[in-house]
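In what follows, chain A forms one complex with chain B and a second complex with chain C.
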Partner chain A sequence: MRLGDPIACDPALLAQYVKAYCDEGWRVVSMFASESSPGSTVNVLLRRGGEVARVASETVGSYPAVSALVPAASVFERAMWEMSGVVPEGHGYLVPAIYWRKGDGHPLQKAPYSIDGEERVPLPNNPIRGAGLFEIPVGPVHAGVIEPGHFRFSVAGEPILEMRVHLGYAHKGIEKMMEGPVSRNRAHLAERISGDNAVAHSLACAHIVEGDAPVPRRARQIRVILSEIERIHNHLDVLAGLCTDCAFSVAAAYGSEVRERLLRANREIFGNRLLMGNVVPGGVRNDLSREDVSKLEAAVMHAGFGAKKLEGYIRRTPSVVDRLETTGVLRTEDALRYGTVGVVARASGVASDVRAELPYEEYGALSFNPVSLKKGDVMSRAAVRADEIVESVSLILQCTSEMEEGEIRRGYETPDGLSCGIVESPRGELVHCADVRDGEVWRYSIRDPSFVNWPAMEVAVLDNIVPDFPLINKSFGLSYSGNDV
Partner chain B sequence: MNPFEIVLMALQAAALMAVSPLVVGIIRKIKARMQNKVGASVLQPYRDLRKMFRKESAVSENASFLFRLIPYVCLTSMLLLAAMTPFVYTQVIAPYADVIAMVYIFTMFRFAMVLGGLEGGSAFGGMGSSREVMMSVLIEPALLISIMTLSAMTGAGFDLSAISGSINARGAAAICPALLLAGTSFVITMVAENTRVPFDNPDTHLELTMVHEGMLLEYSGRGLAIMEFASMVRLTIFMALLGTLFFPWGTAMAMTAAELSVSLLAITVKMLAIAFGIALLESTVAKMRVFRMPNMLTASFALALMAMVSLYVL
Partner chain C sequence: MIRRSILNLLSPKKPAESIEEMGSRQLLMPFVRGGCDGCGKCASACPSGAIDVGKEWTIDLGKCIFCMDCVGECPLSAIERVPSPLYALKREDLVFGASRPPGPAGGALDEPTVAALGESVSIRELDTGSCNGCEVEVNCMSNPYYDMGRFGLKIVASPRHADMLLVTGPMTNNMRKAALDTFEATPSPKVVVAMGTCAISGGIFAGGDVSGEGVGDTLGVDLFIPGCPPPPERAVLAILRAFGRQ
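And now, the complex of A and B:
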């Protein structure tokens, strides 16, 4: 989506501007700095339902922190400070968010940056102190096969008094690699930001590259099918993972089996288990034959019934319900305060879904019920996922029943200026932004839903006990790689 | 006691220790089948132990000499218990096979393990140890009372062989509320003491929820092999006690070839049944919250107490 002219404001007033928007029900969806001379332009992307606005401010050196008034901006300002060298004055918790290294200059600035002479920023201790309190450092190397992340728990016995997430171990420098001539194919790179959300990331990237010209209808339908299959396999993974984490082994094995069958069908139909290489700028790469469509429908139905059965196992087993209910509650006000998105927000009573509010591809023409629950505990997040799988199956079947022959790819031209791609990934609202200047991508910003949801988890775990943390973490189902780009 | 009997007892203790990895392998196999998986061979625990024995043992810089000593303390206590446990033949190293000694050798084992968890100086060892201690203070009285109920019931004193023999001799007449209540209490303590689901997950290395595995986290190579082996033996001893103390029918009392072979068959069937029960339990329930464990263990204690009381009331 091409973004129009921004609301320009003085850096000293940026926080007030953003606050005024937020008071009117807008939400900060992304913030990034794009270098300009002499300083940087701080861009704040806001969204309210189907409206998207941008506030931009030319900043040299430092500016009063937006997060002082709008807490949701906090994590973005940490990343901007660290990666682009824009200092938010009066920020309450200024520690690195992504890179955790101090060098000469900043990685996302245009001046050549060398990794020689970089120093690791030491991990901060939690501020909480007292007799009988212990700090437990966990990770980044974990005992299981999961992504790298460091967690610091301050505990009094088992209850958690404070927890801080320190990520950045999977930093790949993709934002920098995205810069360069617009004609370069970026889809394959976007797919590797977070491999399990390959479709969502390549779709967001395609939306930028394609400009506002629509792709053929058949391609739009296939894109919806791909997105929804991706949602199903991600949600199944989380549901099975929840069962594993509370040692409910039979259901865990069943959930993994259902997911595995779907992934194998993906490989057979789309040529890749995680659907990589399917979304390309201008359309999709592979057309579906009649035979593929019926295979696809069978595979998706199987996954849908499997998910229902898995949900039944969970709900009918009191010992599992006991673990999931009232665990890791994220209250509605916290969900709003931290600007959470996706399943996490929808389980806490914040009904926000890009597919309904800002329809892209064919979503506007399809009918579905956005799922939303109130309690915000692990069980609600599991229930939202289980219900969304059913909705996804319905969306896919709607697409396959209305498919008509036609082309699947069209030429495109990338406009200059600032554009963004906002899609609903399985984890929630995903935002890519690109500043294109004279046919060159000058700055590319990636905001994975995990990036805004991680800080909310620091709140959701409070007053829970340490052994419940794996369950809470799994129910959020966040990406480390997507956060660290 | 004639020399032949002594040889037989030594053989029995050796057999109990030798089959313990097999018992664990069978439980894992049944669990895997229940999850629709093929599962590793029942002999896999032997292979794992052999592999770990060959590997070098890394010791934390913070650890003192205790860290190296503890695996041997654990192994020795299990060796003692294996010699005391009626398995195929009830006459064990009586009169040394004393109920109270047995319960406190279990405690020694646990104490050594808790120390080992603390020795490494890692956060997880400490967490595992603190949870283990929380559980053990509740396990100990339940275990003691449930077994003492048997000694009160039979009037056989604290001698394990005599208790087993006495219940066995009474046949079906021995079945009474006290025996069943004490047996149920013992099953709960067995599951808790061996840190199985729902108290702990033996298959996980999910670091934040570990109890037993947390304490073993710093061990590697031979130390780990010994600790793992000792834990397997502990589970087997508990299963054997359930099969020979609480439900001893079929266990040989005299040393004749006929009785011994019947007894061998009986204990095999009992062990398989108990293994199946454990696997079934682990497949159908989830691990409970840490703070629910005391409730469950208190229930076990209450059952044991009721068993004891019912002896005098009913």
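And now, the complex of A and C:
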């Protein structure tokens, strides 16, 4: 989606501008600095339903922090500060977010920069102190098979009084790698920003590369099918993972079996278990034959049945329900305050879904019920996922029943200027932005839904006991690699 | 009652797959047997720089991300899809060309290590910044279809309990120290496995300032499992075969 002219403002007033928007019901969806002469342009992307606005401000060196008035901007400003060298003055918690390296210059500036030494800058201790209070460091190498991240819990006995998330271990500098001539094929790199959300990331990237020209209808339908299959297998993974984390092995085994069958169908139909390589700029790579479609329908229906059966297992087992209910509550006001997206927001009473609000591909022509619950606990997030799987099955079947023969790829041209791709990944609203100047990608910004949901977890775990943290973490189902890019 | 029987029909009670079943599925890789005129179109289409057309057409399976973009690029249609080997014990064994075509993988880890570790191997998975595709597949290795526990392979919670480090990811700068600490914490004798293209060479992330070029520079690797990501049955089989079983 091409972004029009921004609302330009003086850096001293940027915070007030953004605050005024947020008071009107807009939400900060992304924030990044793009180098310009002599300083940087700070871009704030805001969204309210189907409207997208951009506030831009030319800054040199520093500007008054937006997060002083809008807390949701905090984590963006931390990343901007270490990656682009734009200093938010008056930021209350200016610790590195993803890069954690010392050296001259900043990686997302065009001037050469250096990296001093091998070590990360030391992690700060939690600010909370007192007699009988302990700080438990966890990670980056965890007990389970998960990605690297570091958590610091301050506990008095069992309950968590404070938790801070320190990420960046999976930081690979993908935003920098995305720069260069627009003609380069970025789809494979985009897929590997977060491997389990491969379709969503490559779709967001394709939306930027394709400009506003629509791809053929059949390709749009196949893209919806791919996105929804991805949502199903991610949600199944979280549901099965929740069962594992509360030692409910029977249901966990069942859930992983259902998911495995879907992944196998993916391999058979689309050539890759994680659907990599299917979305390409201009359309999709593989067409679906008639047999493929019937295999696909059987596979997703099985997954839909399985998800409901799994939810039934969970709901009928009191010891499991006891672990999940009232655990890790994210209140509606916190969900709004941190600008959370996706399943996490929808389980806390914030009904935001890009597919309904800003339809892309074929979503505008399909009908579905956005799922939303109020309680915001682990159980609600599980229930939202189970219900969304059913909606996804319905979306896929709507697509397959309406498919007509046709082409699946079309030529495209990438326009100059600032454009963005906003899609609903399995984790929530995903935003890619690119600043294209004279046929070169000057700055590419990736905002995975995890990036805005991690800070919300810091409040959701408060007053819960440490053994419940794995459950809360799993119910959020966030990506470390997508956050760290 | 009826509902239950429908659901049972949908999930038959089938035991985990046999080794033959798991081995029957191939992971295809691009390969040129002959007829290449060295135009280099495939090499420039390759997103991870795995193809070299300099002397003869060669492909480095340790860099290939199996996207098959090269297959359609060849004006002579000389690139075919052939089964890729399951694993390699040396990094250079993953480079294939007309003079060294890919075949079934062979060889086992060194005798004393295998003898010391026995038939049951405790695995600690170590993510050094992967895209999490490999984590998806490592998790699948324990699901009811592959159930690697029946072969004595199990994931353990601490490196101190482990015989093997199953390393994924390109070894980012930010993870290097933690990876070295994990390696130190693992008792000897131990086996280091580089699982997936990133861990072998950095894959699509190679060449970045902070992304790393694979595990080999930091830890010595004993076993390479190519794939992006490698499907679970291949990882299970590769480990079994490298331990001289099956």
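To be clear about the criterion, the second predicted complex is superposed on the first by the 481 of 485 C-alpha atoms of A that agree within 3 Å, B and C clash if a C-alpha of one lies under 4 Å from a C-alpha of the other, contacts with A are read in each partner's own complex, and residues count from 1 in each chain.
FYI, a contact is a pair of C-beta atoms (placed from the backbone, for glycine too) under 8 Å apart; a residue touches a chain by one contact, two chains touch by 3 or more.
Quick caveat: nothing in here was measured; it's all calculated off a predicted structure.
In the superposition on chain A, A:Ala198 makes contact with chain C only, not with chain B.
In the superposed model, A:Val320 makes contact with chain B only, not with chain C.
In the superposed model, A:Glu257 makes contact with both chain B and chain C.
After superposition on the shared chain, chain A has more residues touched by C, the comparison being chain B against chain C. Contact with neither chain B nor chain C is seen for A:Glu333 once the two complexes are overlaid on the shared chain.
By the touch criterion defined above, A:Glu147 lies against chain C but remains apart from chain B after alignment on the C-alpha atoms of chain A. Once the two complexes are overlaid on the shared chain, A:Arg120 sits against chain C while remaining clear of chain B.
Residue contacts after overlaying the shared chain place A:Pro107 against chain C, while chain B stays out of touching range.
Looking at chain A, you'll find residues 143-144, 253-254, 257 touch chain B in one structure and chain C in the other.
Residue ranges on chain B touching chain A, taken from their complex, read 31, 34-37, 123, 126-127, 130, 197-198, 201, 203-209, 217, 282-292. Touching chain B in their complex are the following residues of chain A: 134, 136-138, 142-144, 157-158, 243, 245-250, 252-254, 257, 317, 319-320, 322-323, 465-470.
Every residue of chain C that touches chain A in the complex is listed here, in rising order: 6-7, 10-11, 45, 47-48, 65, 67-69, 125-140, 142-145, 155, 157-159, 169-170, 172-178, 181-182, 203-205, 207-212, 228-229, 231. Of all residues in chain A, only 99-101, 107, 115, 118-120, 140-141, 143-148, 168-174, 176-177, 185, 188-189, 191-196, 198, 237, 253-254, 256-260, 263, 267, 273-274, 276-277, 302, 305-306, 309, 479-481, 484 touch chain C in the complex they form.
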